[in-house]
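As C-alpha cells, here come the structures.
In the two assemblies presented below, chain A is common to both, partnered first by chain B and then by chain C.
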Partner chain A sequence: MIATNAVSALESAFHRRNYDPSLAVWLVTGVAVVALFALRGQYDWVTKLPEELVIPLEAWLNAFMDLFVASFKWLFRAISGLLEWPMNGLQALLHWLPWPATIAGSVVVAHLAGGWRLAVFTLCTLMYMVIVGYWDESMNTLALVGMAVPLSVAVGLFAGILDFSYRPAKSVIQPTLDLMQTVPAFAYLIPVLLLFGFGPVVGLVAATLYACPPMVRNVSLGLQRVPVDIVESAKMSGCTDRQLLWWVRLPAAMPTIMIGVNQTIMCALSMVIIAAIIGGFGDIGWEVLSTMRRAQFGQSLLAGLVIVLIAMNFDRISRGLTSRQRVSQARTGTLWQRHAHLWVALVAIMVAVALAQVLPELHDYPKAWIFYPAAVVNDAVTWFTANYFFATSAIKSWTLFYFLLPIRIGLENSVTPHFWGFALNLWISLGYAAAVAGLALWVDRATSWRGAVAVLITGGLFYFGTTGTPWAVFILVVTVTAFRVGGWRVGVFALGGLCFMLFTGIWERAMLSVYLCGTAVLIAFLAGGLLGIWAARNDRVSAFLRPINDTLQTIPLYVFLIPIIMVFLVGEFSALLAVIAYAIVPAIRYTEHGIRHVPAETVEAARAMGCTPRQLLWQVQLPLALPEIMLGLNQTIMLGLAMLVIAALVGTLGLGQMIYIALTAADFGKGAVAGLGIALIAMITDRILQSWSARKKVELGLA
Partner chain B sequence: MSDILHKATVGAIGVGLAAALSMATPAGAGTVPESTDPIKIAINEWTGQHITAHVAGEILKRMGYNVEYVTAGYYPQLTAMEDNSVTAALEIWSSNIGEGYGKALATGNVEEIGDLGLVPVETWMYPAYVEEMCPGLPNWEALNACAEIFATPETFPKGRFLDYPADWGTTNVDRIAALGLNFVSVPAGSEGALVAEIKSAVARQEPLLIQFWKPHWVHANIDMKIVALPAYAEGCYDDPSWGLNPDATYDCDWERGYIKKMIWSGMKDKWPAAYRLLQNYTLTNEDQNPMMKAIDVDSEDLVEVVSEWVDANEARWRPWVEDAMK
Partner chain C sequence: MTGTDQAAGQVKLFCRNLWKVYGPEPHQFFSGERGARQRGDRAELIRRIRAADHIAAACDVSFDVHEGEIFVIMGLSGSGKSTVIRCLSRLVEPTAGQVVFDGQDLLKASSKELIDLRRHKMGMVFQNFGLLPHLTVLDNVAFPLKVQGVAREERVKRAMEIIDLVGLEGREASFPRELSGGQQQRVGIARSLAVEPEIWLLDEPFSALDPLIRRQMQDEFLRLQRLLHKTIVFITHDFLEALRLADRIAIMKDGEIVQLGTPAQVVMEPADDYVTEFTHDVPRAKVLMVRNVLEPAADGLDTSDAVAETMNLEEVLPHVAGRIDPLPVTDANGRLVGQVTPHAVLNALAGKQRRKG
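After this line comes the complex of A and B, so read on.
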C-alpha cells in the first residue's frame, strides 16, 4: 500500500522536475520493495533465509581456534608467565607502600601537572578510596593499568611509526584499527582468555590490545602533521633517516602523540574494569561486578565512584603533564629548582614509610574508621520504587506501546484494542498509508524529493517493524542508500556487511540489535542535542552537565542496571534506558562544542544583520556546527553498540546477548561472529554518515 | 566482600613470605603439608559459595596448609583448574555448568570429587505475601485464576513469569505450556536482574512469580515460598504420555540437582592429604543458611563467621582430617 503511494509520489516529483538519475534509482528500488512485500506471503525465503544456505562460520572459527590454541598455547602461556613477574612486583609495591605515602606521591604529581586545584582533587580522590575501604582493590586496579599503559604506548608507538613510514603496512593497520575500535570490548576477552589462560594477565593483555588503537592513530597523525619546513631544514642539516625520525619528527609530533597517550590511559582503565568479569585479581572492577550480581546498588555505586574518580584524575593529570611539557622546555635553575617536585615527593614518601613503621594505622587503614554509606543509597532506591512505581510504569507502558513495539514488530502486529482502543483493519492501514504519502508529498514540495524518500522509508519501517521487514528489503534499501550517499565503494561495503550477517545466520539477532540500538541512539541524539544546545547557550547548564557527563562515561554501567531494573523491571525499556545513559554523552558534548566554536565574528555578523536568536540558532549556528554534530552522532552510535553487551544483563536478545553467552561459555566462534556483526553495523552506519556529512560540508562551504 | 578481597590480596603477598619461612623447616615424607605452595581456592560471586570456600580453606589452614583465595568467574575457573591457576572450586551447580564443564573434564587435568552435600532447589517461587492476593497458593492450579494480578502491560492479559537468563538453559516455556498455564516467560539477563526484581516487588508489595533457587542469600532477608508443582519423576522430561498432560513433556516440577566439588587433577600427587580432605568435605543447607544470614543480614565479617563455625563444629570436621591423614 505504502509502496504504491511511494511510486505515485515519486512519479509526480519526476514529472515536475528534469530527469534526475538518482531519482530513477529510488524509483526502481521502490518497485522492487513493493514486489518483495507482495511476495512475502508466498515465499518464505523473502523473510527467512533457508537454513541450508547458512554458512557454519562459527564452527569453522572454533575449529581453527582449537587448532591454534593447541599449537601455540605454550608460546602465549610463556608470554603470560613473563608478564606476571613485573605485574606482581608492581602490585606488591603498591600494597607495601603505606597509603599516606602513595597519596603524598600522587598529590605531588598532581600539583606538578595542574597546580593546587588538581592536587586537592587528587587528595580527595585517594582519601575517598581509603575512607570507603576500597584501597586494596584500587591498588590492584592501578597495578593493572600501570602495566598496561606503557605496554600499549610502546606497541602503539611502533605500529604508528610503521603506519606512517611504510606504505604497505598502512593498508593492513588502518582496517585493523577500524575493526578493533568497533568490535565490543567483551568480544576481545574470549580469544585472550583461551590463549593466555586465567588471571590478571588476561586483563592486562586485553587492556593493552584495547588501548592501542588511539595511540597508533595519534602517532601516525602527529607524524603526518609535522610541518614540511621543519623536515626540510633537518634534511638540509644532514640528518639521516633515523635521526630525522627520532630527533625531528617525533619531538615535533609530541603534542598529538600525548593526546594519544591520554586516550590510551582512559581506554586501558575501562578495559581493566571490563576484564574483571574473568576474575582472578580482586580489583575494583570485580567489586562492581559482583555487587551488581548481588543487586546491591549502594555498594556498586560506591565502588563505581572510585573508578570515576581514578579516571578523572588520570585524565586531568596526563593532560596537565602534556601541556606542561610544552612550556617547560627552556627552563633553567639549580638542581633543586628544576626538580623541586621530585624532592618533595621523595621526602614525603620516605617520611610516610617511616611513620607507618610506628603507627600501624598508616599502613592498614583501620576497619573501624571505614565509612560505608551503601545502606542509605539502597534505602533511597527502595523508597523511590515503593512510592513512585505507578508513575514510572506509566511512562514505560506509554513508550513501549506507541514507540518501541511499532518499531520492533511494526504497527502491523502491535496495534491491539487493549492499548490502542481499536484493532488494525484494512481501512485503518489504508488511512495510515495515505497519511504517510500525504506527508511525503508535502515534504517533497517543501524541501526535496530526498526528504520524501526518507519519510516513506520511515513510514514503512514504522508499519512493518524492524523485525517484520524482509531481509531482502532491508539489504536493498540500505545498500541503495549507501550507494547514493557514498558512492559505489560504500555501497559494496554495506552490501557485503549485510550479506555477512545474513549468511552467518545472525540476521534476526542483528535486527534486534539494530532496533534496540537504533531507537536508543535516536532518543539519545535528540535529547543530547537539545541538552547540548542549551549548554552551549548557558554556562551554568554547561557546568552542571560536565561532571554528569564525566561520570556517565567513566562509571562501569553495570552500576545503574540495578536501580533501572527495580524501577522499570526486566525488559526492553530498561535495556533502552541503559543504552541511552551511555550513548547520550557524545551527543551532548559534540553539539555543545560545535555550537560554541562557531566563529564569533560570524555570530556577530548574523546578529548585526538582525537575526532573531531562533534564526541565529537554526540558520547559522546549527548548520555551521553540523560536522561536529555529525561526529557526535557517529560516537553516539558507537557507544550505543558497545553498550549492547552490558544491556544483555537486563535480558535482551540481540547480538549483545550472543557475545555475553559466548563469553560465559568461552565460545570463540560465536563471540567472533557476533562481535563482527556489531562491528559491521557500526562501520556501515559510520561510512554512510561520514559520506553524508562530507557532502554537507562541501555544500556549506566548510571544506 | 571487600574484606575477603583484602584478605585475598594481602594473603597473596604474604604467600611469598610464608613460603620463604616454611622452606626453612623442610617437611619430611608423610607429614602435612606435603608442599608449602598455596592451595588456591576459587571465590565466585555469591555469599554461599564464599562460605563453602572459606570453611574448606579454614580447615586446610588448621591442618597446616598454605591457602590462597582467588576471585574467579564461573566459567573461567574451569579453565583455570587445568593448570592449577585455581586448585579447587567447591560449589559447582549441576544445573549451571554448561559445555565448559565437559570440556574441562575431557582434558584430564580437572577432576570431580563428589557432591558437596548442599541440596539445591530450583523451582518457581513467590514472596510469601502473594498468598493473600492469590488464594489457593502454593498449589500451582491456583495460578491460572489469578494470572491477571501477575500481568504487566507487556504480557497482559497473561501473567508474567520471570525466568532464568536465556543462556542458563531453562525449560519453563515448555513447562508453562504443558501445564496449560496462562503465563508468559520473560527471561531476565542475569542473577542481579532476578534479585533486583525480587527486591522491587517486595518494596512495592506487589505480586511476582519467579524462577529462583535455594540456598541463596535472598532467603535470609525475604520469605520466599515455593509453588507446589506436580512432583518430578523419571520420564517426565522425555515421555509425553507421563503425567497430567498426555501430549507434553515437562508437565512436572524441576528435577532436583546436585552440587559438585572439582579440583585440579595434580592435587592428589602434590597435596595427597588435602586432596582426601576435600573429598571428605561436606556442607549442608543447615550449615550454610545461618552463616549466610549472619553475613548478609547482620553484616558480620565473613572470615570471623566462618572461623567461629569451624571452632564450634570440630566434631564434624575432625574425622575428615583424621581420615585424610591416614
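After this line comes the complex of A and C, so read on.
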C-alpha cells in the first residue's frame, strides 16, 4: 500500500518539477520499507531482535558501579558528612527563627525585588503556609534549596568559565551538559543514592548536580556574547587576561549569568521536591508524595499548592533581584538611604525574635489556629466523581480506544468489531491507504513532496502502530530523516542512538515511551499552536495567557499530577494529560513569539498588497514563523519527555516505568540504560529539529 | 604615493608591507620569503591567497604617521581599514610585515611589553563605544588607570579632569545606558585619553552617531587635538569626514591602499576611478585651499590686496570674481609665496584634474 502511495506521490513530483536528488534517497527508503514489511511475516528478526544479540549492558554497569562504590564509598560518605554540617545548621536556623521574622525578612526582600505588589504576594503566600500548618515542612525544603543553589552556582560558574576559556574543556563539557539536561530527574537519584546513602544529603547532591547545567550554559553564553568592542577596549586599556575576565567579561556578562541563577534556583527546587521519592525527611515534597500515594487528594492538593507558591516566590523574587538595574543615584544619599531595605529587614527580624521570647505563639504557630480544609476538598472530589464519573470515564475510554490504542498497536490490531463496529478487512485497509495517498497528493500539490513524505510516514505509523512497526523500519526512516535534515553527523548520531536502544534490549519500552510522549506532544503542539496564534493576534489573550504560562513553567513536575488523578484516577490517560499540561507552554510561547517577530516590513508589505488577515496568517506569518515554531515543538518534546518519566508515578509503561522500578530497587544499570534511552530520544529529536530550524532560518533570510 | 606636505614632524609610527590573511594556514604564503618579497608581486600573491580560499584582509599596507598628525584611513566596509588599525595595536596579529612605534618593533613585543605599551602609550576609541555597562562614567574613564594599579584617589582626580575636558561634568555618576550616543562616545574619548597616550587610535568613532551629533563631535575632536597635539590614526568610511579632519588620507580598497595623500591631493588628483567616484560629491570650494592652486608669482605682480594661502576657494571667489589677472598669495607671516589665477580657481572648482608633471 505504501508503495503505491509513494510511487504515485513521487511520480507527480517527477512530472512537475526538475529532478531533485534527495527525492531518490526517499524513493530508495520507501522501497526498503516495503521490503521490510513484506519480510516481517517470514523472519522474526525484523520485528524483534533475537535475544542472543542483546548486550547485557545493565549487568556490566552494575558490576562497574559495585566496584566503584566499593572503592570510593569512603570518599563520598566523607563529602556527605561534610555537607551535612552546614545543611543541618541552616535547617536549625530556619526552625529557630520565629515565623514572623522569616516572613518579615522575605517580604522586605520581595519589596526590594518587585515593589509592593510582590511584597503583598509574598506576605499572603507565606501566611498560607503558616495557616495550613506546612511551615516546618516548607522550611526544610527551603534549607535544602538554600544549600543547593550556592553550590550549584559556584560549580556552574567555574565550569562555565572553563568552558569559555579553555577549548579542550569545551569538548568535554558541552556533551556532558547535553546529557545532563536530557537524562530524566529520577535517573540522577540512583547513582547519588548508591554513593551517598539515604538521607537529605542525597536530595542536596542530586539538586546541586541537576541545577548546574543552566548555570554553566548561561555563564559560557554570557561570556561569549560580551560585545567585541568591550573586550577590545579593555585590552587597549592594558588588561591582563585575569583582569579582563574578572573586571570586564564577567561583569558585562552578568545579565545573562543572572538568568542562569534564576534557572538554577528553579531546577534545584524541582529536584528537591522530586528527591522525596527516595524517602522524605519532613519536607513538603514528601508531604505531597505520601498523601498522593494514600489517595488523600485534599491533603496533597493543599501541600502541592505550597510547592507552587514557593516556586512562584522563588521565581519572582530571584528574577526581580537579578534584573534590577543600577541607577546613577545609587552613589548619593546616606548610608541609611542606600541600604534602607537592609535596615528595615534587620529591625523587623530583631523585633520579631524579641517578641517571640514573650509570646510563644509567634515562635511556633499554635496547632489550634491551623485551618486545614482538606476534608472539604476531599468531599468535593467525592461528589464530583460520584456525579460525573460517566463523563470522565467516557472521555477517557473514547480517547483510549480511538486515539491512543491505534497509535500504540496500530489500526491493524486495534480495529475490532467490539469498539469500532466493524472488523478491519482488506477493503477497509485499501480505503485507508487510498485516503492517505489522496492526502499525500494534495499536500504535494499544495506544498512540496517533503510534506507528502511526512504524510505517508504518519499514515503508515497510524496503521501499523509504534509497537507494530518493525524496528528496522523505524531505524531506517529516522536515520534517513536525520541524515537528510542535519547531514551525516546527525544521521550517524541517530543511527547510533537507535542501535543503542535496540541492542540493550529496551527497544519495546522505548517505543512505548515514544508513543505516549509523541501523542501528548502532538496534542500539546496543536492546542498550544492554536493558542499561540490566537495570542499573537490578540493582545488581551496574550496578556491573559502570560501569567498562566509563567506559573505552569515554575510548578515542579509532579504537582501537575495531583488535580489530574483527582478527576481521572491513575492510568495512561492521566499521564497523557499531565504531559500535555506541562509541555504545552513552549508550544504557545514559541508560536506567539515567532508570529509576532515576523519582520514588520514584511507584514506591512503583505497588508499593502491587500492580504486578508487569513491570507496574512497562512501565507506570510506562519511560513516565516515556522523555524521558531519548530523550536517550540522541540522544547515541547523535551518537556514532554521529562514529564513522561515523572508520570510513571501514575502508571505508564515504557522507559519511565523502568527508571521508576530501577529507582525503587536501587538498580543502577537498569536506571542508567533507561535514562540514557530517554536522553537519546531527546537528543536525536533535538538534533533533527534544531538543524531543520537553523537551515530554514537561513533559507528564509532570518538568521 | 606618499604625501610630501607633512614632512615636518618625526615619524612616530610606521608600518611596512603589513599583511593580514585569514584562513586555516595563513602563514604558508609568507614562509621563507618574508621580507625578501618584492613590491611588484603583490597582485600575484593576492591572487594566490584568494585562490587558496583564504581571505586577505590587509594586503601589503605601508604608511608613516608623523608626530602630531591626524592620519585618516578611509574605506568602505570590508576594505580592511579596521583590520589595519587593529594590527597597529595588535588586537589582531598581523600575518606578515612590520609595525614600528617609537623605534620599537611591535610585532616582536612580548605580551607583557604589549600590555605595558597599551597601558601607557596607546589610547583607542571604538565605533560602538565599548563602555563597561556595569561601571559609572567616572569608573569607566578611570578604568585604564585602575588596571595599572593607580590608587583610587589619584585616578578619580585624573578621571575628573578628563571628564571636564570632554564636557561631561555633572554626568560622572551616570551609567552608560543613561547617556545619549554622543555622550557615550565622549566617555569613550575620555577613557582613551586617561592615560595620556602618545598615539591615539580612533576606529570609526562617530559612525554610530546621528549626522548632526557627528558634526558636533568632529568639531569637538578638532578642538581637543588643537589642545593636545596627539599623533592620531583615525578610521572612517565617510569621505567628507576624512577630508574635514585629515592631515593626510589613505584610501583603502579590498585590503590595499589605493591612494595616500593630503585631502587636496586626493580631491584634485584622484589616483584611479575608484577614488574619483568619491570626489564627485565633495564641496570643492570648501575643501580646496588657495595653496592647492598656487602658481609661482609672475614678475611685476601687483602685491596689493593679497590673499592668504590658507583661505579656501569659497572665500577667495569674491576676490577673483570679475578679474583676469592673477592675485598675489601670502603665507601666515605676510610673505609673498606665489599667485593664484581666476582660471586656476575655476578649473579646480570644475574638477578638472591637474596631472602631476
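Following the convention adopted for this analysis, the second predicted complex is superposed on the first by the 624 of 703 C-alpha atoms of A that agree within 3 Å, B and C clash if a C-alpha of one lies under 4 Å from a C-alpha of the other, contacts with A are read in each partner's own complex, and residues count from 1 in each chain.
To be clear about the criterion, contacts are C-beta pairs under 8 Å (C-beta built on N, C-alpha and C of every residue); 3 or more make two chains touch, one makes a residue touch a chain.
Source: prediction; values computed, not measured.
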item: Combined model on chain A where chain B meets chain C, clash or fit; value: fit
item: Which superposed partner A:T466 touches (first chain B, second chain C, both, neither); value: neither
item: Which superposed partner A:P227 touches (first chain B, second chain C, both, neither); value: second
item: Which superposed partner A:S237 touches (first chain B, second chain C, both, neither); value: second
item: Angle at chain A between chain B and chain C, C-alpha centres, nearest 10 degrees; value: 150
item: Contacts of A:T481 with chain B and chain C, given as first, second, both or neither; value: neither
item: First (chain B), second (chain C), both or neither touched by A:P251; value: second
item: Contact breadth on chain A, by residue count: chain C or chain B; value: B
item: Minimum Cα separation, chain C to chain B, after superposition on A (Å); value: 44
item: Doubly contacted chain A residues - partners chain C and chain B; value: none
item: Residues of chain B touching chain A in the complex; value: 1-3, 5-6, 8-10, 13, 16, 45-47, 70-77, 79-80, 83, 85-86, 98-100, 152-154, 156-157, 162, 165-167, 186-193, 195-197, 199-200, 203-206, 217
item: Residue numbers on chain C that touch chain A, as the complex places them; value: 86, 89, 91, 115-116, 118-120, 122-124, 126-136, 143-144, 146-148, 173-175, 177-178, 188, 191-192, 195, 201
item: Chain B partner contacts - residues on chain A that touch it in the complex; value: 77, 91-92, 95-96, 133-134, 136-137, 140, 193-194, 197-199, 277-282, 286-287, 289-295, 299, 367, 382-383, 385-386, 389, 393, 396-397, 400-401, 418-419, 558, 561-562, 565-567, 569-571, 647-653, 657, 660-661, 663-667
item: Complex contacts: residues of chain A adjacent to chain C; value: 227, 229-230, 232-240, 243, 247-248, 251-252, 254, 325-329, 331-332
